[in-house]
Amino acid sequence: MLASIYAALVRIRHNKAFEFFVIAVIIISALEIGAKTYDLSPSAVAITKYLDVFITVFFLVEILIRFIAEDKKRDFFKSGWNVFDTLVVIISLIPINESELVLLARLVRIFRVLRMISIIPELRVLINSLMKALPRLGYVVLLMFIIFYIYAAIGSFLFKDINPVLWGNIAISMLTLFRVMTFEDWTDIQYETMDVYPMSWIFYMTFIFFTAFAFLNMVIGIVVGVMEEEQSIERDKGQPSLIDIQTQIANLSAQLEQIQQGMQSQSQEHTAKKS
Amino acid sequence: MLASIYAALVRIRHNKAFEFFVIAVIIISALEIGAKTYDLSPSAVAITKYLDVFITVFFLVEILIRFIAEDKKRDFFKSGWNVFDTLVVIISLIPINESELVLLARLVRIFRVLRMISIIPELRVLINSLMKALPRLGYVVLLMFIIFYIYAAIGSFLFKDINPVLWGNIAISMLTLFRVMTFEDWTDIQYETMDVYPMSWIFYMTFIFFTAFAFLNMVIGIVVGVMEEEQSIERDKGQPSLIDIQTQIANLSAQLEQIQQGMQSQSQEHTAKKS
Amino acid sequence: MLASIYAALVRIRHNKAFEFFVIAVIIISALEIGAKTYDLSPSAVAITKYLDVFITVFFLVEILIRFIAEDKKRDFFKSGWNVFDTLVVIISLIPINESELVLLARLVRIFRVLRMISIIPELRVLINSLMKALPRLGYVVLLMFIIFYIYAAIGSFLFKDINPVLWGNIAISMLTLFRVMTFEDWTDIQYETMDVYPMSWIFYMTFIFFTAFAFLNMVIGIVVGVMEEEQSIERDKGQPSLIDIQTQIANLSAQLEQIQQGMQSQSQEHTAKKS
Amino acid sequence: MLASIYAALVRIRHNKAFEFFVIAVIIISALEIGAKTYDLSPSAVAITKYLDVFITVFFLVEILIRFIAEDKKRDFFKSGWNVFDTLVVIISLIPINESELVLLARLVRIFRVLRMISIIPELRVLINSLMKALPRLGYVVLLMFIIFYIYAAIGSFLFKDINPVLWGNIAISMLTLFRVMTFEDWTDIQYETMDVYPMSWIFYMTFIFFTAFAFLNMVIGIVVGVMEEEQSIERDKGQPSLIDIQTQIANLSAQLEQIQQGMQSQSQEHTAKKS
C-alpha cells in the first residue's frame, strides 16, 4: 500500500496540472500580500486569514509531496532551491500570536513570492547564470570597496565638523559617498564643504572618476564574460575552433606527403625494374 | 470602367509623388497639432478647423485607395500597420460635438503623427526589430517585476506609517521604488525611514543593486541578441560557418584517400602484371 | 622671385616647428579667453588687448600661408576644416567698436579654441569618425523626435492648465520631457499632475520606457557599427573572410579531381598500351 | 653569518604565512583608521596609539625585509608598487607632534589601505590593465576638455551677471558644467538663465549631447580595446588567425602542384621510354 501511495505522489509531482496549480497558489499568495497593504473591510480581513491558513497548509503538503517523491532523500537538500522552499514553509508555520514576531512572520510570507522563481525553470536559469557571473566580479567589487573605504575615511577626517550628519563616522560617510555615486544632490554636499575647503571639489571629482571607471570595468567584465560563454556554447554545439581546422589541414598535408613518397618509391621501383 | 478606375487607383498607390504628398499631409497634421497648443487668433482657429476636415477626409480617401488597390482584401488587415491606420482614421470620423469626447478626439488626432512611422519604411523596420527583441527580454522583465513586488510589499509593511504618501499601498510603493531606481531624490526617502529604522539603508542598497543587476542583464541580453542576429545575417549572405569549412576539408581528405587507394591498386596491378 | 616666396611658404607650411608654434598660439588664445572671465587689473586688460591683435593677425597670416601654399586653390575650400578656420579668422576681423556686436565678437574668439581640433590630426580623425556614425543614427533620432513630439502634444493638451510653465505649449513641453528623460526632479512634475489625473503616472512611465528603449537602440547601433568597421579594417589589412577560405578549399578540390582524372587516364593508357 | 640572515629573509619574504600576516596587519590598520572616525573612549584611544606605533614599525620592517631579500637592489625601485610602499612607510615615520602636519600624517595613514592593492596580485593586475587602457583614451579626454573649456567660456561670458556663484569665472563654470553633465539639478540652472536669454536651452542641450556623445565614444573605445586584447590573448594561446589558415591551404596547393608535375614528368618519362 505504501508503494502505491509513493507511486501516486511521484505521479502527482510530475503532473503538469499540479505544477500549474502550485504556480496559481503562489500568485494568489502574492496577490493576498498585495491586498493586505490596502485598508480592507473586516470580512476581507477574515477571508485573508482563511486564505493564509490554506496557503500555509498547501505549501506544507506540496513540499512534503516533493520530498517523499524524491528518490534519494539526501539529494533533495543538495538543491539550494529546495532548501529555500523548505525554510520558507517551516518559518511560516511559526505561530504569529506573539506580537513581536508578527512583523517577521509577515516578511516571511512576502518571501513566498520568491517561490515564483524556484518554480519557473526559466527564471531559475536566469538567477543561476547571474550567480555564475558574481565570482568573476569579486575583485572589482573588492577594489570598489577599497576606494569607498579610503574616501570615506578621508571624508570623515576632513568634513566631520562641517556636517556630522553626512560625515559623522566612516559608515555614514560610505552611505554619503554612495549617494554621491548616484549623483543624488551631490553638489549640495560639495558646495557645503567647498565653503571650508575650496579645493574639496578635487575630492568629489576624483571619487566620481574612480568609481565610474571601476563600474565601467565591471560592466565590461560582464559583457566579455557573457561573450566568452556564448562562444564556448557555440563550440559545444559542434562549431570547431580555428586550431581544429589548422590540425585538419596539417593532417591533409601529411596525407599528401605520403602520396608523394608513395609515388617516388613507385617511380624508383619502376626505374629499378626497368633498368 | 470599374477596371480602369481600379488600375488608376493601383497606379496612384504606387506613385512616388502620391507617397510624398501623404507624408506632407502627415507633417502638416503634426504641425497643426503643435500649433493648437499655442493660444491662436480666432482666424487661425478657423483655419485649423478647415484643415482638420481636410486632413480627416484626405486620410479617409488615402486609406480607401490603399484598401481598394490591394489585390487580396484579406491581406490588407493582416498587416498591423494597416489596422492601425484604419483605426486612427475611423476614430477621427467620430463627431466631436459632445464635450466629453473632445479630449479623446484630440488625442486620436495626435496619434495621426504615428502614421509617420507606418509610412516611412525605415522607421517601420526599426519598430519591427524592436518588437522582435521584446519576447527575448520577457523573463528578465518578469524577474524585475517580482523584485519590485517583493520590495514594494516589504516597504509598504514597514514604512506605511512613516509616510503613507510614498508607501500607502503596494501600488504606490512600486511607483516610489521606480523613483528610487531612477535615483530621483531617493536619499530623501531613505533618510526619512532611517529615522525610524536606522538599518533601512540595507533595503534601498539591496534594491538598487538587484535592479541595476537585472537591468544590466537586460542590456547585455539585447546586445548579445543583436550580435547573434548580425552573425546570422552574415551567414545568410553566404558566409560559411567554421563547421562548413571542416566538412569541406573532410571531403578533401576522403578525395585524397581515394587517390591513395587508386595508386596502391594501380601499383599492385603493376606488380601483378609484371610478375 | 614669386616662385621662391611660394617655395618658402610651402616649406614653412610643412615645417614641424611652425605647426607647434601655431598650436602654442592657439593654446595662448585659449588661456587668454579663460583669463578674461576673471576680473583683471587694468594693465592685464591692456595686455590682453595687444595679445588679441597679435593672435588675430597671426591667424590671418597663418591661413594665408596655408592658402598660398596649397597647390590647387579650389581644393582648399573642399576641406570643411579649412572653411571653418577661414570663417573664424574672417569674423574675428570685424571691428568690435559697435557695442552690439561685442558679444558676438567675443563668442567668435572662443570658437578659435576649436582650431585645436582642426590642427591636431588625431582629434580631426576622432571628429570625422563621429560624423560618420551620425547618418547611421538618423532614423533613430527621427523616431525619438516623433516620440517626444507626440508626448509633448498629449502633455500640453492634458496638463496645460495644471502648470503652464512646464506644459504651456508644445515647445516648452518638449523641454520638460527632456528634463524627465534626464530624471531631473521628474517626480515633482509627476506628483503635480497626479493630483488632477491620478493615472498620469502611465504617461511618464511609458515615456521613460520608450525613450530609454530608443536610446538603448541608438547605443547598440553605434557599438555594432563600430565593430563592423573594425572587422572591415581587419579585412583591409589582409585578413581573409571565411568565404575566401571556402573558395580556396574548393580550388584545392578541383586540383585533386584533375590529379584523379590524370591518374585514371594514365592507367587507362597503360592498360590500353599493355593489351 | 650575513649570508644565513640573507637566506632567512628571502625565505620569510616568499613565505605564504608571512604574506597573510602582512595582509592581516593591513586590514587591522584599515579597521583602526575606520575606528578612529568614531568617538572613542580614552582607553581605546590609547590602544590605537600603541597599534599605530606597531603598524608603523611592522611596515618599516616588512619593506626592509623585501628590500634586502631583493637580488638586484636597483630593480626594487623599478616597480611603481615598491616605490609607493616605500613612500607610504617613510612619510608615516615623520613625527606628528607639530599640529599642522597632523592632518597630513592622518591622510598618509589612510593611504596605507592602498597597500591592500599592492599586496594582492589580482588587484595589481586589475589596476595595471586599467592603466593600460588610459593612454588609448587620451585624445577623447582632450576632446572632452576642449568641449568643457569652450562651453565654460561661453557660459562665463553670457551668464556671469545672472549668477556669479555658478558662472563667475571659467574654473567655476567648468565645475557647473560637470554638474550639468551629471544631470544634478541642471534644470534649475537652465531656468535661471532662460529668464534672461530665453534661447539658452540650446546651450545646455548641445552641451549634454556633445558630452554624452564623447562619453559614449570613450566607452565604446574601451570595449573595443578590451575585445581586441581578448582576441590577441586567444592568438597568443595558439589560436591561428584566418590568414595563417590561408597560408596553410596555399602550401597544400603548392604541394599538390608538385605532385601533378611529378606525375606529368613520370608519365612523359613513361611515354618517352615506351616509344
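Each chain carries a letter (A, B, C and D) given by its place in the written order, and its residues are counted from 1.
Here is the rule we use: a contact is a pair of C-beta atoms (placed from the backbone, for glycine too) under 8 Å apart; a residue touches a chain by one contact, two chains touch by 3 or more.
Remember, predicted model here, so these are calculated numbers, not experimental data.
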So if I look at the partners of chain A and the partners of chain B, which chains show up in both lists? none
Of all chains, the one whose CA centroid lies most distant from that of chain B is D
Across the interface between the identical copies chain A and chain D, with over half of residue numbers shared counting as same and under half as different, the residues used are different
Centroid spacing, where centroids are CA-atom means, of chain A and chain D in whole angstrom: 28
With chain centres defined as C-alpha means, what is the inter-centre distance between chain B and chain D in Å? 39
When you check chain A against every other chain, which residues touch at least two of them? 183, 185, 223, 227, 241-242, 245, 249, 252, 256, 259, 263
So in the complex, which bits of chain B are touching chain C? 30, 33-34, 37-38, 103, 106-107, 110-111, 113-114, 116-117, 120, 122-123, 126-127, 130, 175, 178-179, 182-185, 219, 222-223, 226-227, 230, 238-242, 244-245, 248-249, 251-252, 255-256, 258-259, 262-263, 266, 273
Using the touch definition up top, name the residues of chain B that touch chain A in the complex. 139-140, 142-143, 146, 149-150, 152-154, 156-158, 160, 168-170, 173, 183, 185-187, 201, 205, 208, 213, 216-217, 220, 223-224, 227-228, 241-243, 245-246, 249-250, 252-253, 256-257, 259-260, 263-264, 267, 274
